[in-house]
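In what comes next, chain A is part of two complexes: it sits with chain B in the first one and with chain C in the second one.
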Partner chain A sequence: MERMSPVVRTVVKIAFAPMFAFGAYIILHGHLTPGGGFQGGAIIGSLMALYLVAFGATAWKKKLLSGLESGGLLVFIGTGILGLVSGLMFYNFLADSDIPIFNEAVPTMLGYTHSNWAPLWTGGTISVMNLAVGIEVIAGLTLIVITMGLFAFEGKEGG
Partner chain B sequence: MVEWTTFLYDATHLMVLIGIVASALMVVKFKDLISATIALAACSLLVSLEFLILQAPDVAIAEAAVGAVLTTAIFIFAIKGSRRREEY
Partner chain C sequence: MINNGFKLAALLLLAGFLTFAVWNLREFGEPGEKADNDVVLYNAEDNTTLTLDRTAMDDFMLDHSQDGSSTDEDVLENGPSANNAVTAVVFDYRGFDTMGEATVLFAAVSGVLVSLRIALPPKEKKGGDA
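Moving on to the complex of A and B:
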């Protein structure tokens, strides 16, 4: 599909980095603040949609995105099944353990003045699942927009 | 005596609700489909503001990202694949 005007392309170039940083913030802070994997993934996915509308969908790899989507889902399900090692499905085996992945203990309210405050490196499998869902939603939404764009222009450019 | 902050809060809420209804009516009334899509995006943005007012910031983020940007992009792709004016 054709590229759009220089105004649109410049605005998308300027907005790319702040929107990506905001989406990554929403995904990484999913266990602390409102938002999470789906919301941050939808933000970065809409960023990808803006990029595709402005620059065209020719240079994008559908197989890579499809693999990322399947990989995110596999990580999510695998994290759930790994909880069976500790005896329960979706057991949070990373929280407060020795494995250095999001393993800090959640602080009690006593040491802090604000009750919502907690370090980022907490949450255990919740944070891992948020990251997996974020990657999966980014890949899935980008794939949907690419498919719609190529389908809409198939008659004009031959797909 | 009316509390000033409560009045401002309710006035903002009412204006957002009126804006939702007005933009939804615009979506139905416009014959230019690109204009109707932009009105739909505005409706989505106001709905996400309404979610924020009703203390659901989680839903508001998802609604703003999906409703205001992704749906608009997909609708614009679909309109580019067909005709721009609605026939009536």
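Moving on to the complex of A and C:
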């Protein structure tokens, strides 16, 4: 795919960091604020589409993206199956436990002026699965855009 | 071809169904307004029934989604410890549905990758970038 004009490329360069930060915020705060892995992944995925349209699609780390996509899904399913250790599928075995992965408890709402306050390090398996789904969605959408861009311009550049 | 009268009849039928569904919706912001659709649970062991309000499940989610007391013996009493109740439902209580959703996404990406792959030229340079 051909690159676009310097105007488009400059705008995309400027908008890249804020959009990426916003998408990462949506994914990381999935258990605290509206949003989550799917939504934040779609934001960053559309950012990648914008980047590839502006700068031209190449076979840009397709192996890595495929691995990230499969790995995200495997982490998601594995986290769900690990809940079987406690007896239930998708049991939140990390929440308020001794395993130091997103294991803080949500504080009671009495002591805080803001009624919907909680630290980021909460959520247990929910946060882990949000991250996994976010990585999977980012990699999947980027892969789709790369593949379609390469397919459409196959004749011009020979893949 | 289907004539226009049939299309119009189908459209009106759909509109009728949707309007009928809107009449049966709960009042917005007023849980428990309609009590004619209670949930009845049946206990097979002692042959008793337990009638729950229609919003009992919503209240259960809202009450338990922010708890994180995994020290309890009964695992059903433990909440997912997420401040966002919607995420608690999507990723914890209904995590199996979300797993299907993620699998559907994976299958869609795999289908695009397979159906839009670029065929290599027959006898020219093989390989190249992946």
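As a working rule, the second predicted complex is superposed on the first by the 158 of 159 C-alpha atoms of A that agree within 3 Å, B and C clash if a C-alpha of one lies under 4 Å from a C-alpha of the other, contacts with A are read in each partner's own complex, and residues count from 1 in each chain.
Note that in this section a residue touches a chain if its C-beta (ideal position, glycine included) is under 8 Å from a C-beta of that chain, and two chains touch if they have at least 3 such contacts.
Since the model is a prediction, treat every value here as computed from it, not as a measurement.
Student: What's your read, chain B or chain C touching more residues of chain A?
Tutor: If we count touched residues of chain A for both partners, the winner is C.
Student: Touching A:148 in the superposition: chain B (first), chain C (second), both, neither?
Tutor: both
Student: What is the contact status of A:13 with respect to chain B (first) and chain C (second): first, second, both, or neither?
Tutor: After superposition on chain A, A:13 lies in contact with neither partner.
Student: By the touch definition at the top of the document, which applies to A:126: first (chain B), second (chain C), both, or neither?
Tutor: Only chain C; A:126 stays clear of chain B.
Student: So, A:49: does it touch chain B (first), chain C (second), both, or neither?
Tutor: First partner only, chain B.
Student: A:39 contacts which: chain B (first), chain C (second), both, neither?
Tutor: A:39: touches chain B, not chain C.
Student: With both complexes superposed on chain A, which partner does A:26 reach: first (chain B), second (chain C), both or neither?
Tutor: So A:26 only meets chain B here.
Student: Name the residues of chain A shared by its contacts with chain B and its contacts with chain C.
Tutor: 34, 36, 38, 144, 148, 151
Student: Quick one: which bits of chain C touch chain A in the complex? Just the residue numbers, please.
Tutor: 66-71, 75, 78-84, 86-88, 90-92, 95-96, 98-99, 101-103, 105-106, 108-109, 112-113, 116-118, 128-130
Student: In the complex, go through chain B and note every residue touching chain A.
Tutor: Those residues of chain B that touch chain A are 57-58, 61-62, 65-66, 68-70, 73-74, 76-78, 80-81.
Student: Contact residues on chain A for chain B in the complex?
Tutor: On the chain A side, the touching residues are 26, 34-36, 38-39, 42-43, 45-46, 49-50, 52-53, 141, 144-145, 148-149, 151-153, 155.
Student: Can you name the residues of chain A that touch chain C in the complex?
Tutor: Going by the criterion above, the answer is residues 30-34, 36, 38, 58-59, 62-63, 66, 69-70, 72-73, 76-77, 80, 86-93, 95-97, 105-106, 116-118, 122-126, 129-130, 133, 136-137, 140, 143-144, 147-148, 150-151, 154, 159.
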